[in-house]
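Here the structure comes first, spelled out in structure tokens, and everything after it is commentary.
The letters A, B and C name the chains in turn, as written, and every chain counts its residues from 1.
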Amino acid sequence: MSIRDVVASTPLVDNHAHAVEPLERERITDSFADYFTEGQLSPEHARHTLNYRAVLDLLAEQFGSADEATLLQQRAEVDLASYARTLIDGTNTETILVDDGFPNVALDEFDAYTDADLRPIHRIENVAETLLPASESLASFEDAFVDALEEALDGEFVALKTVIAYRTGLRVRAHDRDAVRRAYDEVCRDWDGRVEHSVFNDYLVHLAAEMAAAYDAPLQFHTGFGDADAHPQFVDPTYLYEFLQAHPSTPVVLLHGGYPYTRAAGYVTATLDNVYLDLSLATPFVQHGVEPLISQALELAPTTKLLYASDAFSVPELYVLAARRFRADLSSVLERLAADGFVTESYAEDVARRILRENAVSLYDL
Amino acid sequence: MSIRDVVASTPLVDNHAHAVEPLERERITDSFADYFTEGQLSPEHARHTLNYRAVLDLLAEQFGSADEATLLQQRAEVDLASYARTLIDGTNTETILVDDGFPNVALDEFDAYTDADLRPIHRIENVAETLLPASESLASFEDAFVDALEEALDGEFVALKTVIAYRTGLRVRAHDRDAVRRAYDEVCRDWDGRVEHSVFNDYLVHLAAEMAAAYDAPLQFHTGFGDADAHPQFVDPTYLYEFLQAHPSTPVVLLHGGYPYTRAAGYVTATLDNVYLDLSLATPFVQHGVEPLISQALELAPTTKLLYASDAFSVPELYVLAARRFRADLSSVLERLAADGFVTESYAEDVARRILRENAVSLYDL
Amino acid sequence: MSIRDVVASTPLVDNHAHAVEPLERERITDSFADYFTEGQLSPEHARHTLNYRAVLDLLAEQFGSADEATLLQQRAEVDLASYARTLIDGTNTETILVDDGFPNVALDEFDAYTDADLRPIHRIENVAETLLPASESLASFEDAFVDALEEALDGEFVALKTVIAYRTGLRVRAHDRDAVRRAYDEVCRDWDGRVEHSVFNDYLVHLAAEMAAAYDAPLQFHTGFGDADAHPQFVDPTYLYEFLQAHPSTPVVLLHGGYPYTRAAGYVTATLDNVYLDLSLATPFVQHGVEPLISQALELAPTTKLLYASDAFSVPELYVLAARRFRADLSSVLERLAADGFVTESYAEDVARRILRENAVSLYDL
């Protein structure tokens, strides 16, 4: 087999994605472009990212070449279950690890949209937000939080996930018990349903890291670009360095290639044994930037530490855009590395199997 | 028409540049290289940037192949008006938005050097520096500053510009009135003709943003590399994030592609609706780096938000280097995107027209 | 001669490397991969960087194609002196500037492993650590430190080197005498053999910069990625900006291309006259990333300010990987620049000679 054949035929383990959800007709006809940007963009701009141009091509492929408005109307009329199955299962994805934090779709509901094996990931901020209103003290909250994570990891959940990058940023620090107690009191006093307190969020992530270490389960971090909530500076994964050093037994996955801090993410991954790097979201959002992204990640990071994911959410098209883009560009990068003598063909094929599937199977013990 | 033909034939709107100025003979024969670096470099180094090598090629094209010293002597002897017209008008530039802050050349004087339509941009730090000595209180200064900006925007000025990146950096914060009052007092007490006070400069920029919003006029920020005054860390446009979020109705243009923070600049542009991205100065200074720059900007930023400019100043050659470099590399990037299936030829041609001209016409209401 | 011929035939001046050292057999058979990563990686990951794959190819070239274990056994059995001579002298390296800080091998011992001219570099933190235990006051320490550096620079040493990036980071600040005195007291009180005190390390580097200026000898800074001691954020050379401005007469070499902050390193180099940029360590560690690294450095930095080095240490293979990689990629970059019209062939050949040899000869007065 050629490198391209191996890349094309290896079943994917998608180590971070979200469920598909039914959408109201107007969401599709009027603002479908919103699903292909992370920004707060008006339609005049959202319709002009290259990622949205890519999905229009996909719709044309599905429905026949037509103008944008017609394609969106046709898209709005699909039977979602069969449409999603055609798209998602067409990617040859074996297993999807599903972030339960968004959208609000149960796993067995998502199951109607794909034949892939679905394995849940627990978003820790949501756990905390569920438990906080009923808690009576930091100690009782902590017990309940730990119990909830234990129950998850004893059960079907294969990993934890944190969105601290969106809340208070990746400069996660250690705080003493008094500071945490004060933070807990402040969070309770100002409770609005959302955990967004620098000290308290840091505390949650440290606690989750200890739980993850105890279960040898990975803790996933959103890093890099994302929606407007995140500060574009504090999504840089180098801010996590002290935290990562403090939890050497916790397998940590830096999601999204830390784009645009991808070389820095590769450097951290190459430096600390417990760190892994996923290239989702940037795949497919940055389109022609995915190939350099993969190439840059391979500059320093061991090939045993890179992971495929889609970070697809809500619409099945994102699964397709991610899988196609990643397979095409991984092929190109590996072919070029082999042609230029950096790796043998055979090693390149091993790398392809690892990144697309095996590294995740081993890391998440699938 | 092919993509390359569209790129070659679309008239440019140069959304940020500076006037040409007459130079003493010795400035040209002895230190012409200074105009092709932003650094504080001795001649032995300044003569060896690739940007300076490019202008030597241009001089050889104009005056016939010859050694450097001869070319510089010939350059020193030109009739500036006709030489500048030949060069600038040879770029097919329809409109130039001219920063009035540097050099000290009036717009109708610059008019002698080009047939392009010239539209002024008002540099706010210069306005403040003119008004401060005569002001008697913060309130009177503020009234005068607001009046001056209103007069400018009621008149011919199409945008405001700030060089806060060179003064106190892009970490622009909000300050309460007491802090601003203290800052005003300190600036007045230590007055040396230059506004460089972290709180006061932040205040000016917030005020300018409000004025710009009221007039729906863009506010341009120097971002990215520049002369030695700027700290290379605090020119990173991600520092502006809170400011940009605080002024959602102010159209903001991040100048110079934020080089080397270009991917981060594209991320900010793709996230907040009011942000636009210009790729000048880096074009042409980084030479073979311009093509990757354009490509990286297109990874996330909508094609409706990218703008051409030269940031040319003082010497007409910079207009030529910028226009040729940008046209050549935009063609290459768009041709590659079309060839690789990321966009159709027709969409690529639309993108070319937008970046070279239409986005600016719309944004600045030309 | 073609560009590639000039690159291939120019003798190298390696402006920053370390001695080769004899290793115990098990270091080679069991953990040879450790020499090809800077990270704290377990063998399962360390064996899968592309840099390690490259050295396996080199071993196969030396010992005949075989499996990894066999190659490592053959490597463990070599006569180091003749093996090292074959490898290092095969790179056509004329002069090696040797950091005396690591490994603990005397220069005349290293001399047995190569015919290259060896010139020592003095690592200032080691000097301080030797002198501190015997010092009785800040003043007496300072006298001894200054004497030691003077003796070195009066003697054979051609440059100073600091590893402050690994200790307290590159945000080097100026401190007043009282603060330094307190820092000295704290360092002495908590003495553990290692100088790692933010104020005190900053002070040492300022003092070294003054000495370097007095002798017109370069001061080398580790910048960019390195072992796990370094914080991946504070190795960014832009943090050095105030320091570099404060010492305009000190020639400073930013080592390792500041990877991944290479464009930023080029920007600093292009801005301040006294700054030079070396591309070692990243060469060869980032493998296929070396070509873009060289290209990015040339975007802004004058061609008179870029320097070749290997940063090889302990094993002779690193000399070979660095020299081959750099020659191959410098050729490719310069050929492309010439083919695309950015430089003439003749200028490209000059650039090759400068980067490989002449810039260092001039800077270090060899």
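Going forward, a residue touches a chain if its C-beta (ideal position, glycine included) is under 8 Å from a C-beta of that chain, and two chains touch if they have at least 3 such contacts.
Just so it is clear, the structure is predicted and the values come from calculations on it, not from any experiment.
Under the contact definition stated at the top, the chains bordering both chain A and chain B are C. Between the two copies, chain A and chain C, the Cα superposition rotates by 120°, quoted to the nearest 5.
Taking shared numbers over all numbers used, the chain B to chain C interface scores under half, which places it in the different class. Chain geometry summary: the mean Cα position of chain B and that of chain C are 37 Å apart.
Residue numbers of chain C whose C-beta contacts span two or more other chains: none are found. Residues 37-42, 44-50, 53-54, 57, 225, 227-228, 231-233, 259-260, 285-289 of chain A are the ones that touch chain B when the two sit in their complex. Every residue of chain A that touches chain C in the complex is listed here, in rising order: 236, 238-239, 241-242, 245, 263-264, 266-268, 270-273, 295-296, 298-305, 336-337, 340-343, 347.
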